[in-house]
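Common to both upcoming complexes is subunit A, partnered first by subunit B, then by subunit C.
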Partner chain A sequence: MSSSAPVARRASALGPGLAALCVLLALVAFLSVTLGSRSIGLPEVLRALGGLDQDGSITSTVTLELRVPRTLLGVLVGAALGVAGAILQGVTRNPLADAGIMGVNSGAAVFVVIAITVLGVRGAEVYVWFAFAGAIAALVLVYAIASLGREGATPVKLALAGAAVTAGLVSVTSGIVMTDVDALNELRFWQVGSLAGRYAPILAGVAPFLVIALIASLGFGRALNGLALGDDMARGLGQRVTRTRTAAFAVVAVLAGAATAACGPIVFVGLVVPHLARFICGPDYRWILPYSMLLAPIVLLLADVLGRVVAAPDELQVGVVLGVLGAPAFVGIVRYGRLSEA
Partner chain B sequence: MAATSTAPSAGAFRATRRRRAARSLVVTVSLAVAVVALFVLTMMVGSFRLGADEVVASVLHLRDDPSVDFVVRGLRLPTAASALAVGLALGAAGTIFQQLLRNPLASPDFVGINSGAGLAAITGIVLLQAGGLVVSGLALAGAAVAALLMYVLAWRDGVAGYRFILIGIGTTLFFDGLTGYMLTRAQLSDARQAMHWLTGSVGQAGDGELRLLLGAVLLLLPTAVLLQRQLRALELGDDTARALGIRTELGRAGLLATAVALTALAVAVAGPIVFVALVAGPIANRLLGPATGGIVPAALAGAALLLTADLIAVHLLPTPLPTGVVTGAVGAPYLLWLLATTNRQGAGG
Partner chain C sequence: MRAWRPALVLAALSVVLAACGSGTSGTTTTASTAPSAGPWSFTDGSGKVITADRTPTRIIAHAGEAAALMSFGIKPVGIYADESVKTDANLKDLDLTGIEILGQEWGKIDVEKAAALRPDLIVGDWWPAEKAHSGLEEGVDEKSKKLAELAPVVGVSQGKSIVDLAKGYEDLARSLGAEVDSPGIAANRERFEQAVAAFKEATKAKPDLTVAAMSPADDKLYVANPEYAPELLDFQRWGMRVINPDTPDPGFPYWENLSWESADKYQPDLVLWDGRSFKPTSNAEWGRKQPTWFKVRAAKAGAVVAWPAYWLHTYGDFATELDKLTAAVKAADPAIGD
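This part shows the complex of A and B:
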């Protein structure tokens, strides 16, 4: 791997790159509003957004109540997952770390399944809160267990505790699902991960959490750079390692918890986008975090649009599209690109 | 590790080394005893209870009692043997991956073999309404294709750890995406059968696959142990290993191939039982103390875990559930307890 030693790119190149990504994100968001089983032109979108067209026409209803919330949700959730993945990979110094392996998805799934079987809850806008609670509970549990013992939450213990909690929770979920066909039926659609059918009320519910946590997350760049050098070095440089880790984990809990609650477990984005960002800007987390924040929603929205267009009037879940098209693209980049180590 | 902090004499080194070897031996032997006890226990309990002596006599063909022979050899031995073999295979494969890639999360679940097998099997269940032997065959084929794909994609002047992990993630996600799609397209009854297979169960093995797996375990476990010298040196990093005169790429490729073969056969027999491979190595390492990294203890830990899980899944729960449901519930708390109580710096690999 010595041949692929990371070269820190100059800020003069990375700054404009960030601006270019913003433009690209705007473009993709525009595509996401206009494309779908019913195509909507730019003038109609603008008219609907401007509130000039409150006549209840199908076009303005579709735009305002379906497409726009869906796109906004995609942007927020994508950004949240990308940043959460980047932070977790930094905190645990493990290229395999993402919110899923830290128990977020399994925690949310357990709570959803319990809500369905025990409380008889139905409908996405109710179990969003169960999922949120479950995701956060799982992350807190992982962190608490990893923190036990003399040396606190080391990367290895975090990774193992996350994997163990995930496995335990998955056991509970599949145990319940195996005995309750109704729960299985709900769960199999929840667990593909999708932006569809999760609109305005859900967006309004999770958006405040996501926005606040996203802003907070941008402050972690320096701290993560320190942690990347190893705990001892970071401590030597005057960092409070434990406090940084706890704070980073809290932010990740909110980001990944809210995102998973809103859209179900969307894998890929949190795991892969940070690697793409690292591939573009080298090992400096002050750049990796904003790049992840912009790249992730671009990837997520593109996959979502594609899923809508390819299978129209039906649609493919975004999780499926990401796996089928995103994964080979990622493998190609890994194989033919120069890599920087995590 | 503690002994090296004060200036150590050669004698102190030797004493430390001897203490480690002794502990390693004690742990390995106790694990082996536990595995044998669990193996026999699995065949004793059930609706028709048997004594340990009857089971042992019947398995070893020492006594001739047709009714006992039927229950033991005909009904219970295949399940117990497949739990034993699958556990050994997954435990060994898991610890090999974790040490080769120097990452405690890098179990075979991550390198696409399980998910390739899963996709092939689920496709068979959903589209062809297949069952039994066909599904096992498809799973084996899927695992082989996935392993081949990994080999083609990740090999470029050898297998580098980081690239291997990333490509493994990509491959896994690709197969999982398609599997999720299959599940949403399935009839509910097929979806249930598919979930059952995806959870993994040791009771579903056919005779042919089981024989194949047993043979492979007998052949590949010693191979892996022989290659372990190289594995230990790889843990120090590629450059150090090379400086010690070890041909890193050859050793790595041989070990990876061994681990892949073990995983593929285990998945074909029992479905993708997650977590055994992930956790067997860390559990063995925590038990071993400073003498970490043995393949045999990890394999034994895997077998003990799976046998316990099977006992609980079949006999203790109100409705019999697939083994994979219980492996997590058995292994996870144990690993967490070990994590919380062991006050040592990361021994995960």
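This part shows the complex of A and C:
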């Protein structure tokens, strides 16, 4: 009895914790709509949100057409990156796994560059689909390479295949941009990772994919708990390891692919937040996944708001802010936290 | 040790060079039949005086600088440009046969090819904000910077006026032995003076008209800082009220960066659009794409005109561009931005 008591207590605390995070996320989202590089008074924001501002004033345009889509995109993309990171760390039993090292960013970048150079297309609203396709193609490639051989896609082979595919795709990208400065300039904007300059069309484009994949991802908790014990143990418990892994990868491909497509590669959220969630919840993926899903957009939106406020009337890209804040945060977790292995 | 050893080598070298210099100058004084043979000197935009024993003849020049020299009949052996020579504003109408093209994008120069041309002078504008010559700025390919090792680099400063710039290249051309008062050149200058007079008249007729030089981009809206754009300073000098942005980027003071949320910070009556990216369809396109672009009232009213951003080098080009701006000023409504 004494051994199960802490677990029970933890579970009873984790439920309300999740509700508290929901409130916190709503609060941060509210901040993201009310704060920005332009200072708009709270009453004006509320009037715009209430649909009372039909005069087409800039405050209502900024609130409704810039900040609201940006915030919603931040929530969805953040949740997707957090959950994708958590699933990948579980499936590959690799604490350093995130969408980036599985080739997602490099795959998306290659497709964006090819779209610019070969097809001559321009603009964030077109890149999104190429990036999406590229991210999925890269993940499929990584998984296919890792699946070669008798024992299937083991964690070690996945990590190696991810590194190899990333290296290969990155060299293709640099090869192309070396010869085409135009592509380089366009890629530079895309590659920082930003929530700026993405409006309703992009949000509407990726939202359905993200919402469906996010819902699907929550069903993986039990399976990931099994995989955490090792492939053999999971098999012994009656799990179909290969099928689980394939399904998990498919969900990650949609989550990370759509997120990266919409905002460019955003680092650290997918890597750090699952560790944060594990730190709070312990090793149970049935809790880690929803916690990651709520913690990640909180972190992403806070970083974005910070980037908007510190440099006004200019802005810092959220990718830059996360890079600067994320590194020391991760060091802190490694140093003082319990960086568990899976 | 590491600090002073190169200094020593340099000192030794300069003694040798000085000896050579005095030797050759001695021969030129005796051989007075070749007055343009040297010695040659020119004051660079950085303030440094560049000297050579003989007047340079094998010149490699950056795009607009090459066009300026060619307008005085000096044909460079090689050109490096920031974009395709077929679209470069300075080069697209020139006959470049017989000139080696050494680069067609910013930051990339084929130095090996350049070395094979055995240049004795490199010509590129001096950019005071970056303290570097065109093609050798911060951020270019490290390999490109080796161009500076092939021959002395000179250029006129992208300083306070395009008129100074054009005059500077006239001086450079003269020092290189060019005929600078041919009728064609005089005609261009005449045309330029008329264009300035017409421009002044147009701006004088609309004393309340304000303009801002802008460059819209996907993530931000950039507002040009006239202090580092000689043509904008010229416009101001000639009566156009070009808005000075109040907080230019300290690291790259050519622009103030505005987030799209703050796009309406400046409300000019006429938008001068960065000519390097302007197309007739641009305004409508950006209005559709960026929800706040049309919050710049002049943009919404369609009061936009291309501005020859950072590329003018000759009286002729300046005259042509000024005429377009004069027409835009005449058509502009000084009440839009108020």
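General remarks:
What we mean here is this: the second predicted complex is superposed on the first by the 325 of 342 C-alpha atoms of A that agree within 3 Å, B and C clash if a C-alpha of one lies under 4 Å from a C-alpha of the other, contacts with A are read in each partner's own complex, and residues count from 1 in each chain.
Definition applied: contacts are C-beta pairs under 8 Å (C-beta built on N, C-alpha and C of every residue); 3 or more make two chains touch, one makes a residue touch a chain.
Model, not experiment: these values are computed from the prediction.
Once the two complexes are laid over each other on the shared chain, residue contacts for A:F189 go to subunit B and to subunit C alike. Using the contact criterion defined above for the overlaid structures, shared-chain residue A:A234 touches neither subunit B nor subunit C, since it reaches no partner.
Once the two complexes are laid over each other on the shared chain, residue contacts for A:Q317 go to subunit B and to subunit C alike. Of the two partner chains, neither subunit B nor subunit C is touched by A:L255. Here subunit B and subunit C are compared by how many residues of subunit A each touches, and B touches more.
Once chain A of one complex is fitted onto chain A of the other, the partner contacts of A:L66 are limited to subunit C, with no touch recorded for subunit B. By the touch criterion defined above, A:L214 reaches neither subunit B nor subunit C.
Looking at the shared chain after the overlay, A:L21 reaches neither subunit B nor subunit C. Contact with subunit C, but none with subunit B, is seen for A:R308 once the two complexes are overlaid on the shared chain. Where the contact sets of subunit A with subunit B and with subunit C meet, they give residues 181, 189, 317. Those residues of subunit C that touch subunit A in the shared complex are 83, 105-108, 217-220, 247, 249, 256-262, 264-265, 289-292, 295.
Touching subunit B in their complex are the following residues of subunit A: 1, 94-97, 101, 145-146, 148-151, 154-157, 159-161, 163-165, 167-172, 174-175, 177-179, 181, 184-185, 188-189, 191-192, 267-268, 271-272, 275, 316-317, 319-324, 326-328, 330-331, 334-335, 339, 341-342. Against subunit C, in their complex, subunit A makes its touches with residues 36-38, 58, 61-62, 65-67, 123-125, 180-182, 189, 194, 196-197, 199, 308, 312-315, 317. On subunit B, the positions that touch subunit A within their shared complex are 103-106, 110, 153-154, 156, 160-163, 165-167, 169-171, 173-178, 180-181, 183-184, 188, 191-192, 195-196, 199, 274-275, 278-279, 282, 319, 321-322, 324-329, 331-333, 335-336, 339-343, 345-348.
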